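Everything below concerns the one structure shown next.
Labels run A, B, C and D following the written order; every chain starts at residue 1.
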């Protein structure tokens, strides 16, 4: 269809976004609360202006009555609105707090932003570009990294958004409530292809999701992909899994405290592991030498780092050496909250 | 208002600051604040035309979901629009033109404290403008006006350095203007012109100047660090060596959030003058309006983190910034209430400046209230980076500041040029601007609520109808801005002689000749009354 | 008021005449002019505080994030040169203060002498600074230009942040010194022409304020850049 | 026109004090003060800067307004540094420690 401007015109005129997650409903209520307050205030002020302009126009009211200001009035219209705003603040803060704290049983999916696409990795090894499949009714936590510039992962139907800052792991979570297909946008300007960095989120019923996920990744689970990379990059020559090699044994390392050679102790979380892969000299484990492991910065992509970390996570301390290797990871993952920067040291 | 005895018989060959000399040199090397204001007015109008043309162009692009231009062209257009409009139009708009012209007169001084620095600030502005225009001509810059690292420092292939240096110099020009105003307002007030007798326009500009001198240097050093990083290919915002791109945002918004108040406070000052004059009434709650300007200036420096709620800023910081952001809404609300109350029992007339003031109050109210959505944490997460934000700040910047600028220009045009413009045309264009503005930006609130991200050159088709509406509005708005340029120029030659006080306003500026003589006052005036003395107080409320 | 300040009529008239040539048209009195200049200069210095403040903020954040890497750089910071430079700047501040005093007392010759001394100290500072930078260049401690840090490989990346800040901060400081030298040259020429005296010394005082401010910046830069870690 | 001429003695006194303090700050940097290392260094620097401002720059004779401006400049500087620092300092607070480890910061156990 064409309009007078001679451009094709699509007929849709949506006025309300789809509400497809638990947060979306909650935040939408707050949105309409603030809207209601705003509309009331706007109408009030407009009405006063129109009324005064009409009633006191010069033709009717040639002589202005000079009025001194009123402290009581000033205080009233300062404090009352502020009290209403405190409600907005508290309500917003409560929802924000919830958004910052994913439930422990959230399933974890990994997202890498790259000019200009979203790469998605599932624990079972499936990889996708610009498409995210999630089951309805389960909390989902995204752990996100950026290969280059700042991106921002946003799903308007879920009312969620978080920037993906290079050098960080960022995360967000949501619980989809409605089966369907929803937009996925990058909302931090990232260069020429910014508008192309869009995709779809597919919310599926449990059965459909199980069917979709059953195939798994062509190259095995994420941890198995990590294992392959572990061999490919030659990590296994030094990081022996049965005995202590030239480099620390990685078995059972994940989320455990590690003694460093400068006396500090760090927790081997995702951020630590990522840093130790990309910049191995940044933190040296006590009893080991620096400069043994080559620097992998620029050699390993963020996606591969995610796979390697998944492999390290899968190395349970109890598994006998002969059966080493990752188990099929369940879809629910250990919740983790990456620290803001790769290497806070304090 | 003041004891000035210089009413002279108006003759055709009255000497004033405009006709005192005619050479190029007398303009380019002038130290007269009024001439510098005119130089600034010409320069910012040129920049406004460039920035506005970019806006019209990229609005055209958004007529169809696929976009009419390439992504590259679109990105450069919106970036240039942002950079030029923010740093080369909005920041200097009222301070460097109207305030430059009026502040010395309003406080009863012969000139600003440092006239040569005032001229220097214009040259620095022009120098910065040329840098930026050079960047435009060479192919533009595509970082957006925010220059976020590491995109701007490492990844962008556009003329970031030229644009950043342009902004750097514009910043210095802004600092020099602010410094001049502060010293002038402190030290150059005429006898009897106490702080509590200052026109609210002066108060607003004083608050603005504080922000300019306290915030702008931080922008300057941040852009320099960014430039070094771009040159050396390594730097403190570089995540490859452990740098944190969020630190750039901290430093950038430490200036740029207060800067949005640089872009609105002077407008609030203008509205106080206009509303009082055309209601023939003293401003309701003078002390509160003056104080609220200062409160805004101070509070504006502790809310910058609300631009970073979704970046990974600490949750505790976000909570504090959110609360403080609500707090800064209070003084803005005080102003709106007081302007409205000023009209109560006034004697209201509807000349063009007053129409713009009505527009300002209405649009600023909407702009301010939609700010609440972005101060509240959860709704900011929802709306951050969408067209909602674009609509919100255009309601404040364009619906607010540009409306106030136009209102002020229409209000003081007779004083600046000595001529009246066409009342019919000016009312018509004020109406066009109001309608065009709302048509352009109101649909963007809905677009933002639907989730359409900003800075997209192409978009999903369901957003098209609203985008077409917005583009149609932009065309109306463009025409609304073109008409004044024509009738203002026309009035210079053919406009009626305005007389010294065409509006019957109070204030020192209305008691001197139009246009004023070079040193404003032949004798320094002595002030004996408070501002807006349209009559003795007859009624006290509560 | 009238009792406390009772200048003789004759001296007041003399002052006014002497100042008349420097009183700009838009000021009512020389006091107003001086007050305006002083407030203007201090306002300018506040902008300078915030200009450097941006770098100090960045420094604070990264020192908090990477304390060990920052400490490791101490080893390569020439404390002796930095210390000498601190002393040199303090001396220049003294001579600058003495210049202002000489101008206030209309001592033309000593004003010229102190200005020259201040410039000599300023130049010494810049020469030492150059030596220091050259050393850094030779040792490959300039980030972005073949940076090397073999002794502490674990800090290879984070140390670059400190060195980047080091060059930005000392560079900006040195730039301010160079501008200061230019201003001093102007003062020197004017002082040889005997422009300044007890009734007109505003430029000397203003440029003095600027010079002292630059000294203050260095007073903070020295411990923050050269004395980060405790050295055995 | 009124102006204050300070004595040579006060200038030289400040000069000597500044040199002594410079020497002190270098000496102190050789002591192992742990966390107070930077505190002491900054304290000495602050005293030195105050001396320069108070005597050399003549703040002690200056108008109230000038002093107010100086203080305001310092307050604004600290707003910028402290609030930005506050963000980085509190980012780690939100780190959720695992049950088996007592973390004192992001990934770091004291």
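Basically, a residue touches a chain if its C-beta (ideal position, glycine included) is under 8 Å from a C-beta of that chain, and two chains touch if they have at least 3 such contacts.
It should be emphasised that the depicted structure is a prediction, and the values quoted were computed from it without experimental measurement.
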Fill in: Centre-most chain [mean C-alpha coordinates]
B
Worksheet entry | Chains most often in contact, by C-beta pairs | A-B
Practice prompt. Indicate the whole-number Å distance between the mean C-alpha point of chain B and the mean C-alpha point of chain D.
Written response: 37
Worksheet item: If you average the Cα atoms of chain C and of chain D to get two centres, how far apart are those centres in Å?
Response: 17
Worksheet item: Measuring from the mean C-alpha position of chain A to the mean C-alpha position of chain D, what distance in angstrom results?
Response: 38
Worksheet entry | Inter-centroid spacing, chain C versus chain A (mean Cα positions, whole Å) | 47
Response to the item:
Touching at least 2 other chains, the residues of chain B are 186, 214, 218, 240, 242-244, 246-247, 250-251, 312, 314-315
Discussion item. By the touch rule stated above, which residues of chain C touch at least two different other chains?
Written reply: 35, 39, 43, 46, 50, 53-54, 57, 61, 64-66, 157-158
Worksheet item: Which residues of chain D are in contact with two or more other chains?
Response: 65, 72-73, 76, 80, 84, 88-89, 91, 94
Worksheet entry | Touching residues on chain B, where the partner in the complex is chain C | 109-115, 117, 175, 179-180, 182-184, 186-188, 213-218, 220-222, 224-225, 228, 231-236, 240-244, 247, 250-251, 519, 524
Fill in: Residues of chain C defined as touching chain D within the complex
5, 15, 19, 30-31, 34-35, 38-39, 42-43, 45-46, 49-50, 53-54, 56-57, 60-61, 63-65, 79, 83, 86-87, 90-91, 93-94, 96-98, 101, 104-105, 198-199, 205, 208-209, 212-213, 215-216, 219-220, 222-224, 227-232
Worksheet item: In their shared complex, at which residues does chain A touch chain B?
Response: 3, 5, 7-17, 23, 26-27, 30-31, 34-35, 37-38, 41-42, 45-46, 48-49, 52-53, 56-58, 61-70, 72-74, 77-78, 81-82, 85-86, 88-89, 91-97, 99-100, 115, 148-150, 152, 154, 156-157, 159-163, 165-168, 170, 183, 185-196, 198, 297, 340-343
Worksheet item: Any idea which chain B residues touch chain A in the complex?
Response: 63-65, 67, 71-72, 75, 142-144, 148, 150-151, 154-156, 239-240, 242-246, 279-282, 284-288, 309-312, 314-315, 318-319, 322-323, 326-327, 329-330, 333-334, 336-338, 340-341, 343-350, 358, 361-362, 365-366, 369-370, 372-373, 375-382, 384-386, 446, 449-451, 453-462, 464-466, 468, 534-542
Worksheet item: Where on chain D does chain B make contact in their complex?
Response: 65, 72-73, 76, 79-80, 83-84, 86-91, 93-94
